[in-house]
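Below, chain A partners chain B and then partners chain C, in two separate complexes.
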Partner chain A sequence: MTPLRQSHELGLVLCRTCGLAVSRAALKADLRCPRCKSRIEHRTPFSTEMTLAFLIAGITLYIPANLLPVMHTSGLPGDADSTILGGIFEFWQSGDWDIALLIFIASVAVPFTKFIAIGLLLFTVRKNSRWQQHQRTVLYRIVEFIGYWSMLDVIVVALTSALLQFQLLGTAEPRAGIAFFCAVVVVTMLSALSFDPRLIWDRRT
Partner chain B sequence: MDRRATFSKWSARIFSEGQSVPMNPILICRDCDTVYRALPLRRGDVALCRRCDAVLARYFGASVESGLALVCAAAIFFAIANLTPVLSIDIAGIETEANIWFAVRSLQQGWIFVAALGLAFTTFLIPAVQIGLLFWVLLFARAARRPPGFGPIMKLLHRMRPWSMTEVFLLGALVAIVKLANWVPIAAGAGFWAIAALTMVLAILGRCDPASWWSIAPAKT
Partner chain C sequence: MSAAPTPPSEEELPTPAVRSRTWIPRLVWVVPIAAAVIGISLLIKNWENEGPRITISFLTGEGVQVGKTLVKYRDVTVGHVSAVGLSADHQTVLVSADLSKDAASLLKADTQFWIVRPRIGVGSVSGLDTLLSGVYIGMKTGAATLHERQFVGLENPPALSHGPRGRELQLHAARAGSLAIGAPVYFRQFQVGRVIDENLLSDGSTRVTVFVEAPYDGFVKPVTRFWNASGINVKLGADGLNVQTESLAAVLAGGVAFDDGPTDAVSAADDIQGDFTLYKNETDAMAPPDGEPHYVRMHFAQALRGLDVGAPVEFVGVNIGSVVAVDLGYERQDKSFPVIVTAKVYPRRMGQAYAVLAAQGKTESEETLAAFVGTLVKRGLRALPRSGSLLTGKLYIALDFLPASPRADFDASIRPLELPTVNGTFQELEANIGRLVKKVNDLPLEQIVADLHTDLKDLHETLSELHVRTLPNAEDTLSALHRTLDSADRTLDVESPLQRGLAETLLESRGTLQAVRELADYLDRHPDALLRGRRPQKMPGQPAAASSEANP
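Moving on, here comes the complex of A and B:
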């Protein structure tokens, strides 16, 4: 088995857009990929800064997303504003524990996992840590994969409101919380996409 | 040579420096920057990074024809999903239907429309553009030609990939069914099944990594 080498040791650099391995010597002054013309960088520039900025924005937006109501229902069951947590609680009480669990995972567990995981990745990268590099890379891939499932509640509220318009039985309307929640999903996805996982493996001296 | 089973941790038939391999392409791991020389993959093979287990390459079995067929199927499912109701409720003989566009429209209230925008992009616009661009690329590839705008199109497809949320919409529709079923008669329409099928087709198309798409129309650099 030959030792594993990183790209810069062999005079190569990866184009992250199209996956082409480019020789550094052949790279022209404008640093464009010869195949797809994207800009090529050794590491994503300002990766940790961007990730942190989006992470803080995501955590901030998550507060109004949970405090403000996401949906307003009126009609037979009475007028009510419901928040995300309130909705989960209602499902739980009415015996639909499986749906309660599903929404809990998508709307609470996934965002929290993302906040903690990205925070951990940023912290360890900053510390130049060698701890659990493999596991941290897997963690990054999990964060990337679970990110967009949080959009679930936005879709449920939108579909419910679309169906319960001008109904005799009652109506449902979206409320501000859902816009904040949508923003949380977008911003945390941007945070994960800004993170360059290769930083986990870099040795800065 | 390591030729173990597909999907197992060590299924990589890809080796670091030092192997003499007829094929030139060099693979670099996106997640840990390790360099490998590519070996030809056989059906079902997945090349994994020895250091971090990232997928370096998959066997690219889809011919241009089957790719085109899948894209056409996706376009048809997408059309059905948007032209027929995904969900419908029936209250005292009055039927209300909903699909992706109805859902987007229901969020257009005051400044909540930013959520409508997010939903429109992720469940309608991006899947539509993906299907359209793939069709364009594959149509030219079938004639063994590189389509106009190939570079920018491939870049755009790469950028859009994380933002396509058809499968989340499917799950959302399921949750809405269970949520409303307690009070109103609710039914899944043809659009629901079309979205389910679309999810599967897009997943198959999405499995092909970008590097493989580039090799479809190699031509000049």
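Moving on, here comes the complex of A and C:
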């Protein structure tokens, strides 16, 4: 099988916004996509650096997000500050294993997967690895996709706080942890977006 | 710029544009740095605020809420409850609390914790804010040097939660009366402290701990006397009705008052170290120290209705003790039932007499007292019941000198001392009145009344006779007398002829008398004239007489 030809070999540049393959020769000096007028570059500059920066920020923020309580509930059963892990533990112990699992996947598994996936992508790109280039592209797509769904616990807290306001019977209030969770999601999404998947296929020799 | 006609090499085109923006994408590193800074600052803050976690056990966890219930020291929040659970034996509630770091130094081995709930007492209302805010855990640091993380919570808040400066004093009393924790302590009707604790000691007496705030604790001296100021003291004395109370709160909640006692009487038991006796009332407190009581026994051969236990024993009118028992005895010899009265007396209350006693015996032993009483009995000391009040009929025991009483034997070796007795004056008075009444009863009253009636009738008759017969005659006699007096009056008048005649007669008789005197004088000088007759007289009076005398 003949190796795939790279875009620069064909003198083409891809617009990441609208997907138009532009001939390099046709590009104007301002490097705008002739169709959608967005910036067009052969490879997004500083892509790996920005991805790495956001990834590190995400991992850093993930620590207080888990240590600090995300929600404060008070009511007849008592007052409680719950962290994500504590909440999962409580749900699991009280028998609600399904809810525990859901929260675990949304709040722990997904962010972790994202950290590992982005880290893996960055590592392989830096190494100019030709390992599993296709699968890595699929992995990137998945990371980009599940980014939206990592907001699940943030939404849960937002909904609970909005709905559970019965004063004496029970109230729920968001706590600082959820802001960090939100930041983690945002930063990891930015990290994923900063990554230029085209780098997966580059191999500088 | 225009596009190159020939396909350019890939590096050629973007180079100038890219270089100009190199620093902008690098700004993205601000994000992880900021995240790290926030994370680290949170960690540092958390670590800095990370105080000790303590566990307090309470009997109930009423109102304690995780995260919401605060731990307060001097009304400042120093922590919050992080968990509430039961102990392993389900007997107590274990409340875990996270305290701030600066509160760690307050956690001594004797630090006290209690749940602050609204309390409404007579003396004070406290914790009303907890009605709205929910309960909180109060805290009072201790003095111990050991630090502790496990505490046993108090069920009732300590009376002094803020440790003001002052002095704690222990008051000992047989019974605490109506004193309550938090009851006020007064010095001259000025509140200077509070009762902070009450304990029932193993010997059954009570120990009341009071706290006197600075600077009033300076008023507590070795001679200070404490007394129970509860209630109202109503005294009916010679100067009228005297109602005394410290304050309305003291009436309701009780109270303790103190003041300087008699300065010359320093009791060894009361010292400035903080142990004082709590007296029943001010009178007791201010009385000179009684010393050891001595017991005396008296046999009365008469009924003593109205003599109660506690009735005073008075020595020449001075209260020196009280009756402690009234028993009925039995005498085999004459098969009588004497009343045996046991009383305790305080010889110290006899004042100067005691001083004499002390000088005699040096110590207040039973022997010296017995000897002393022996001499008193020889001089006529007798115990007798007396009526304290005619209204109530209550009796007291009086020890008085009755030299006229029959001689009594006094055995100084009997313990307790046996005092000779005589029957009470009131009883004698009663007997006399009885005899008097009997005599009155024996009088022939009816006979007397009948005689009196006859006599009165006679008198009446006599009087009526006097009226009818004697009085008219008397009237005639009186008018006759009047006439006689009238004529006498006229006769004696100055203008009456009798009077005038009398005056003339008197005048004449004076002339006559003068002549007689002249004659007598002449005869005296010339006794011969009686024989020769009167000689012619040249010179009247003395010269003639002198010449006549010189002649012979």
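Points to keep in mind about this one:
The definition used in the following text is that the second predicted complex is superposed on the first by the 200 of 205 C-alpha atoms of A that agree within 3 Å, B and C clash if a C-alpha of one lies under 4 Å from a C-alpha of the other, contacts with A are read in each partner's own complex, and residues count from 1 in each chain.
Going forward, a contact is a pair of C-beta atoms (placed from the backbone, for glycine too) under 8 Å apart; a residue touches a chain by one contact, two chains touch by 3 or more.
Here the structure is a predicted model, which is why all the values come from computation and not from measurement.
Clash-free side-by-side placement of chain B and chain C is the outcome of superposition onto chain A. Of the two partner chains placed by the overlay, only chain B lies in contact with A:H134; chain C stays clear of it. In the superposed model, B is the one of chain B and chain C that contacts more residues of chain A.
Note on the composite model: angle chain B-chain A-chain C, taken at the C-alpha centres, equals 110°, rounded to the nearest 10. When the shared chain is aligned, chain C comes close enough to touch A:H72, but chain B does not. Contacts of A:A183 after superposition: both chain B and chain C are touched. In the superposition on chain A, contact is made by A:I56 with chain C only, not with chain B.
Once the two complexes are overlaid on the shared chain, A:I116 sits clear of chain B and of chain C alike.
In the superposition on chain A, contact of A:S161 is made with chain B only, not with chain C.
After superposing the two complexes on chain A, the closest approach between C-alpha atoms of chain B and chain C comes to 13 Å. On chain A, the patch touched by chain B and the patch touched by chain C overlap at residues 8, 183.
Residues 15-19, 25-28, 30-35, 50-54, 86-89, 91-92, 94, 96, 98, 102-107, 109, 111-112, 114-116, 118-119, 122-123, 151, 154-155, 158, 162-163, 165, 168-169, 171-173, 175-176, 178-180, 182-184, 186, 209-211, 214, 221 of chain B touch chain A in their complex. The part of chain A that touches chain B in the complex is made up of residues 1-10, 12, 14, 16-21, 34-38, 77, 91, 94, 96, 99, 102-103, 133-134, 137-138, 140-141, 144, 147-149, 151-152, 154-165, 167-169, 173-176, 178-179, 181-183, 185-186, 189, 193, 197-198, 200-202.
Across the interface of their complex, chain A is touched by residues 1-3, 7-8, 10, 13-14, 17-18, 21, 25-26, 28-29, 31-32, 34-36, 38-39, 42-43, 46, 65-68, 84 of chain C. Considering their complex, residues 8, 11, 24-29, 31, 41-42, 45-46, 49-50, 53-54, 56-58, 60-61, 63-64, 67-68, 72, 74, 78-81, 183, 187, 190, 194 of chain A touch chain C.
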